[in-house]
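Take a look at the structure below.
Naming follows writing order (A, B, C and D), and every chain is counted from residue 1.
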Amino acid sequence: MNPMNYIYLSCILFSLGAAGVLLRRNAIVVFMCIELMLNAANLAFVTFSRMNGTLDGQIVAFFTMVVAACEVVVGLAIIVTIYRSRRSASVDDARLLRL
Amino acid sequence: MSLGTSDTLVYLIAIPLFSSAFLLLGGRALDRVGHLIGTAASASSFVVALIELNKMLGRDAESRGVTQHLFTWINVGSFQIDATLLLDQLSICFVLLITGVGTLIHIYSISYMAHDIDRRRFFAFLNLFIAAMLLLVLGNSYLNLYVGWEGVGLASYLLIGFWNQKPTYATAAKKAFVANRVGDVGLSLAVMIAFVQFGAVTFDGVAKGIEAGSASSTALNAMGAAILLAAVGKSAQFPLQAWLGDAMAGPTPVSALIHAATMVTAGVYLISRSNFVFDNAPTAQLLVVIVGAVTLLFGAVIGMAKDDIKKALAASTMSQIGYMILATGLGPAGYAFAMMHLLTHGFFKAGMFLGAGSVMHGMNDEVDMRKYGALRKVMPITFATFGLGYLAIIGIPPFAGFYSKDKIIETAFNAGGSKGIILGCVTLLGAAITAFYMTRVMLMTFFGTKRWDSAAHPHESPWLMTVPMILLSIGSITTGFIFSNGDRLKNFLAPVVDKHHHEHETELLAPIVVTGLAMFAVAIGISIALAKYSRKTIPASAPTDVTVWTKIARRDLLQDDFNETVFMRPGQSLTRVLAFLDKRVVDGAVSGVGAMTLRLAGDLRKTQTGYVRSYALLILLGTVAILAAILVVTV
Amino acid sequence: MNAPNIEYGILGPILIVLAAALIGVLIEAFVSRRYRYILQTGTAFAAVALAFLQLVLIRQTSSKAAVSSMSIDGVTIVLQGSVLIFGFLGLLLIAERGFQSFTAQAAAIPGSNEEQKALVSGLQQTEVFPLTLFAISGAMLFPAANDLLTLFVSLEVLSLPLYLMAGLSQRRRLLSQEAALKYFLLGAFSSAFFLFGSAFIYGQAGSTTFDGIRKSIVESGGSDQFLLVGLALLTVGLLFKVSAAPFHAWTPDVYQGSPTPVTAFMAAVTKVAAFGAAIRIYYFAVGGLVWSWRPILIAISIVTMAIGTVIAIAQKDIKRVLAYSAIAHSGFLLTGIIALSKDGLNATLIYLFTYGFTTIGTFAIVTLVRDSGGEVSDLNRWAGLGKRSPLVAGTFTLFLLGLAGIPLTSGFVGKFAIFTAAYKSGNISVVVAGVLASAIAAFFYIRIIVMMYFSDPVEDGTSVVIPSAMTVATIAICAVATLVMGIYPQPVISAINSLAFFAG
Amino acid sequence: MNSLTILGLLPLIGSAALFLLPKGSDLLAKQVALGVSIVVAIAGLGMAFSFNRSATGFQFVEKHQWIPAFGINYALGVDGISLLLILLALVLTPVVIAACWHEAEGGRWSVKNFFGLILILETMIVGVFAATDIFLFYVFFEAMLIPVYFLIGGYGTGEKAAAAVKFLLYSLFGGLLMLASIIGLYVISGNQLQAPTFDVTALSQLSIDPVTQRMLFLGFFIAFAIKAPLWPFHTWLPDAARAATPGTSVLLLGVLDKVGTYGMIRFCLSLFPEASKEFGPTIIVLSLISIFYGAFLAIAQGTSSGDGNIKALISYTSISHFGFITLGIFAFTEQSHSGATLYMINHGFSTAALFLIAGWMISRRKSERISDFGGLQRVTPIMAWLFFIAGMSSLALPGLSSFVSEFLVLVGTFARYPIPAIIGTIGIIFAALYILIPVQRALHGPITPGNENLTDLTLREKVSIAPVIAVIIFFGFYPQPLLDVINPAASATLSALQITGIMGGK
């Protein structure tokens, strides 16, 4: 199978993630979409690693997972706090800061 | 003509100048002696002038001119102007007239202005005028002359507006200044042309340059026209004549000195002084003649319709200067006669103005001749001196005006061809009208019935006023004969204004015929006036059932209406439009850019919706744009 | 197989800060509340000072480190030095206790009893210090990264603490939390682009190190689509961090919502770090692709200047004005990258160095103008400040003039240097745009000055609080720096000029 | 340290001393300011006497490295033109301080700050005219704006804040355009010389291609045209003049705005000779428009029935005068150049006199509207006559200083461009109008109610205006000392332009 297909897949995943970010209101879902985008990148890295015959890409993928985990920690903390004060996880409700 | 040097010329100017400054800076402390200091200064200047005349007459006819270098005034590259004075035959005539008549008028003013709280200032201004006028005639270059030229304009402005608490007087002063400024433009341009064409602006330098042929005839005609413009402004010639009548707002001695005897004749001086230009600029010369001829009639016509004695005299001045200008336009033959008429006119017109002042003095400053009448009995000296001036101005032999005017008429006829005939007729017509309106003035003022206001108690003026009048009237009797006898003045002036000894043109009419015609014209004028004003009683207010022509003449031949319609109204509109445009368009553009930026800012601000998803969309769009761009760049 | 060699000496500055951050976490966890503050601040200041000291010692270094994943060279030294200095100044503001900027308990619900209790007891959580130290270490690592992976990790190390710090404001908690949420979501979103772009670059270059990328561009001529797509996406991530348009939208909201000391810290430190990283990428890694990215950066630079300056005019909140000003400054700074020359490199570093002081000083003063409800950031209420507190207003004026780039302030030196570099490289269009933008920018800076001096004070309880020595010191240092580097910038310029080289 | 530096530092030290004075010591502050400015003026005049009038090039030169990394030097030096402009500033500063003794008292800030700002401004002015390094010039050019901004906004009247902002923004905008051009020059100098430089003499040796030259020229020119101000960049001036105190206006119009015309001579002409020649005719047209435009708008203020503002009127006359100056500069003849330079000096003095006296009139009458005056010649004769003399100088009456310069400009222009010169000459008619109309309305006529009890000038006021009037009269009769200083510099500028052909005269 042509490794390029994985790249196409990763592009599709990335686009799906991006679309999700734009379309979903729930902060958690938005955040999950971002995770999806990161994983699309991971897929690309791994694929390119395979294509290039170097291991760097795979290492990056591991690091990304770790970083994504950190992001989850921080992100959930923020989302939970804001949910506790507002009783809403909709990103559209948070628009006191504007103009 | 070789020029000597003299180191005393500067005193002519310096004495009145410092006196003026002293009087102005001295303040109220000098109020009690100011008039004496001023008169003394003028008299001292006159004495210096007499000494200079004496010295000059002692020199050979060809080297009578003297110069005095004072200091370098302006020196930039090839533009070098020295403050140098030049006294030659032409200027000495003026110097004597200015200081002589000037001193008499100073004396007259001591009494005339005795009750004015600002008499000291009045004398300071008179002295300033004397100094400026002397600088005008003594400067050796056009630019030095220009300083004096504007200086007399300033003095004239200050003196016309001497009683400027009265708004119309202040306006009159302003009008005079502005009209003069129009003329000044001409003089400025003349200087520029001279500098560019000849690299020099001294009279001598320009004359030599012309002789060397370094200027095209176009340039010379342009320079001549520019000089004429200057003369027209200063000498109240058509079309810049409108200010002179209003200038009568000034105290009467001012009218006598500045607006009759001296300043207004500066144009004649300028043209005569620039004879080398006009002799080589036929077109400009023709313009001079036309201006002179038109003004001559213009002034005369206005003179016929005026009931204000000073304005009638002013109109007459305008007309008489028209004669002089016309004469200067006739080339070398005319300069001397123009000068002669200028000098005689200086005497008789100054005398008449002082006479008018004397009448006003006795009549509570009433100027309307319709309120006069039969004054000859109560003011005999004034009547006598005014009468002598009258005889002189209408050209009755052997009074001064006869000699000078007759010569001009004669020269006009001799100008050649149809031009000669037209000019001759114009001058004759002018003489007739002059006779008419001056007779009218005489009749309305001194003869007929009393039409005085009940408050008026006319009386003869004190001796300080009558003596100058008497002296001037002596001048109006004698000067004509003295100057013309044996062509004395003409020969005296010849080295300056007629260097090349042009041959006279053939005479169209014999001199005696011209004289006869002139006498006839005068006689007609007098008789019409007698017929019209001596028998009937004169109404105390001007009749209103007059022809439209009379109405026009009364309105100064619509000169003010013309200026108002053609210059002032459009000017005012333009000013308003510009003020509006400045606010709305020029500044509006600036604030418009500001307002536009503000509006743009307001609009762009709305992109900051506060929705995090719209920000994300912005990021995505930006990404797409960058991707597209980078791929486009690649392809 | 040998273990890879780690150059602890030249990595020292980063390691010190990182270690201190970890210690800070431990302190927060184990030390009694009463001593936390003093220990935390002590650790933080000591760490930053020590790191700076170490940095001075290794200033001549120019080599790759940690298996080529980092590059400790002159450029890094300058940038890390800047980060440390601005970090230190930021810490001074954060440590200010004369007035409360930070919530006592971030986890507490706004207005809850818990929060009230924490507030009353005066016992404040001090997790902000280790967070700051983490951010500083990330900011030091970011411009030193010589590898896409390191770059990504350091980006996150820098960003994650900032997301949290943005939400720590004591007053107006909702705003602060919203700022944190927005910053976080958008930051994560853009880092996804960044990572995805990295993947494509790696895919083409076959290596994640900058040296490898550089080499591959030289060899391939750089016309490969993957590389370009990767570069485009990477650019998005970077431009987000420097808040260039159209990726700027988070900036005003986050700047406004965050506690002002954090805003000050982030405005200076993030800008230095992000531009530092950008310099290394555009100058070193993908310098060979200049034909592809320069036109794009020119366009973005011009748009950024325009957006920043124009929208700032319509702002009514001082912190938002300053946020847009920061955006405009990013536009100016991009011209230094566009120049792609030694001059451009020098100019960018000088600009960053001078800008940091001025911007920290500006925000420091914003923290001082308060009423009973906390900071007053409504511009209209700054009216008449010149009358009430001439010294504060005067200093603020100095900072604003510095931001506007008026001669004899450091801002002018930076602006001059950077425009000169851009002009020299032939990119006159950005210079002209920059000049015009500066003119527009002058308008809103001057408007604030007018407000302070020429409007009459409104009596609404707005006043300037007397700060502790820490804030005073910050403001003083920034003011002196703004002025001195404006009048006599030569030492700084020559130091930067002589240091600013990449390790080959 | 060299004399120019000392000259520039003295007022700065003075202002520092003022700021250190305790609150409330207003009188002391005034005395210190006056004392300092007089000392500086004397020092400056003393320096002028050791100026070598026959030499060309800069004198009192000093040069220190400032920012060697950018090739920037602290380089000062004066030629005839800059020397006279500095002297103008040095003489006018004590005059303004003495004349505007009470001016600051209604201001937003303390009196000492007002005089402190004026002294700072004096330092900036010395710097801007003495700088021979373009970067240094630019620094002063921009830094100068700040004290003026505070002087207008802090001590002015009416819409002062708006006027101050407009002034500052407009000037900054021009300055930034100039900055772009300066950067361009610097880069080109780096390409053509061994090292990039800002030295004005070295930069004038560059050969710049025509297109670039045009762009760079415009950058400089617009900045200077705004400063001067030339139509259509003038609209900030009337607002500023209306809002500023008379003393500030004197310094603003009398001295600061000369930086614009000075810059045209020093930078536009010598750095971009080709572009200057190319744009010359266009600028001459703009100058002519300025002459008439300024005159007409001044007349509009004068004739306006209600709200004619005397300060605005004077500022519009200045626009007209600046038209003459730029006309002279871009006519490229020796006469026009010397005339334009002399005009800068003379305009400084005559406008100073007009503004100061108008200021006294306003402070007494508590109104700026021309229609509120009237009959002042009766009530306050000395003030009225001094205003008249200043007005006469403004309309370039021969015998007063402005005449010489105006005439030189016109005669010089005529040598190269006869038609514009003729048009310009017609401008003198309108000059008469815009002076005589306010003279008539304010000084003549019956005493307007409310004016009966105005007091005439005090001794302090008389003494402070005396030097200005003396200068106006003296240099009207004897301008040659000034011309001797100007001529070498003017012809040096022209020879740098390599203008051939008419130099006036054949």
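By our rule, contacts are C-beta pairs under 8 Å (C-beta built on N, C-alpha and C of every residue); 3 or more make two chains touch, one makes a residue touch a chain.
Every value quoted in this text rests on a predicted model; they were computed, and no experiment measured them.
Once CA atoms are averaged chain by chain and compared with the all-protein CA average, the nearest chain turns out to be D. C-beta contact counts were set side by side for B-C and A-C; A-C has more.
In whole angstrom, the spacing between the mean C-alpha positions of chain B and chain C is 79.
Separation between the centroids of chain A and chain C, computed from CA atoms only, is 25 Å. Averaged Cα coordinates give chain A a centre that lies 96 Å from the centre of chain B.
Computed centre separation for the pair chain B/chain D is 37 angstrom, with centres defined by C-alpha atoms. Annotation for chain B: residues touching 2 or more other chains are 605, 608, 610, 612, 616.
Listed for chain A are residues 18, 21, 30, 91, 94-98, each touching two or more other chains.
Chain pairs that touch one another, listed by label: A-B, A-C, B-C, B-D, C-D.
Chain C makes touch with chain D in their complex at residues 387, 401, 406-408, 412-413, 416-417, 419-420, 423-424, 428, 431-432, 435-436, 438-439, 442-443, 446-447, 450, 453-455, 488-490, 493-494, 497.
Within the complex formed with chain B, the residues of chain A that make contact are 18, 21-23, 25, 30, 91-92, 94-99. Residue ranges on chain C touching chain B, taken from their complex, read 181-182, 185-186, 189-190, 193, 223, 225, 228-229, 231-233, 235-236, 239-240, 245-247, 249-250, 252-253, 291-293, 295-296, 299-300, 307, 310-315, 440, 443. Those residues of chain C whose C-beta lies close enough to touch chain A in the complex are 106-107, 109-110, 148-149, 152-153, 156, 160, 163-164, 167, 173-175, 177-182, 184-185, 188-189, 191-193, 195-196, 198-200, 202-203, 206-208, 252-253, 256-257. Only residues 605-606, 608-613, 616-617, 620 of chain B touch chain A when the two sit together in their complex.
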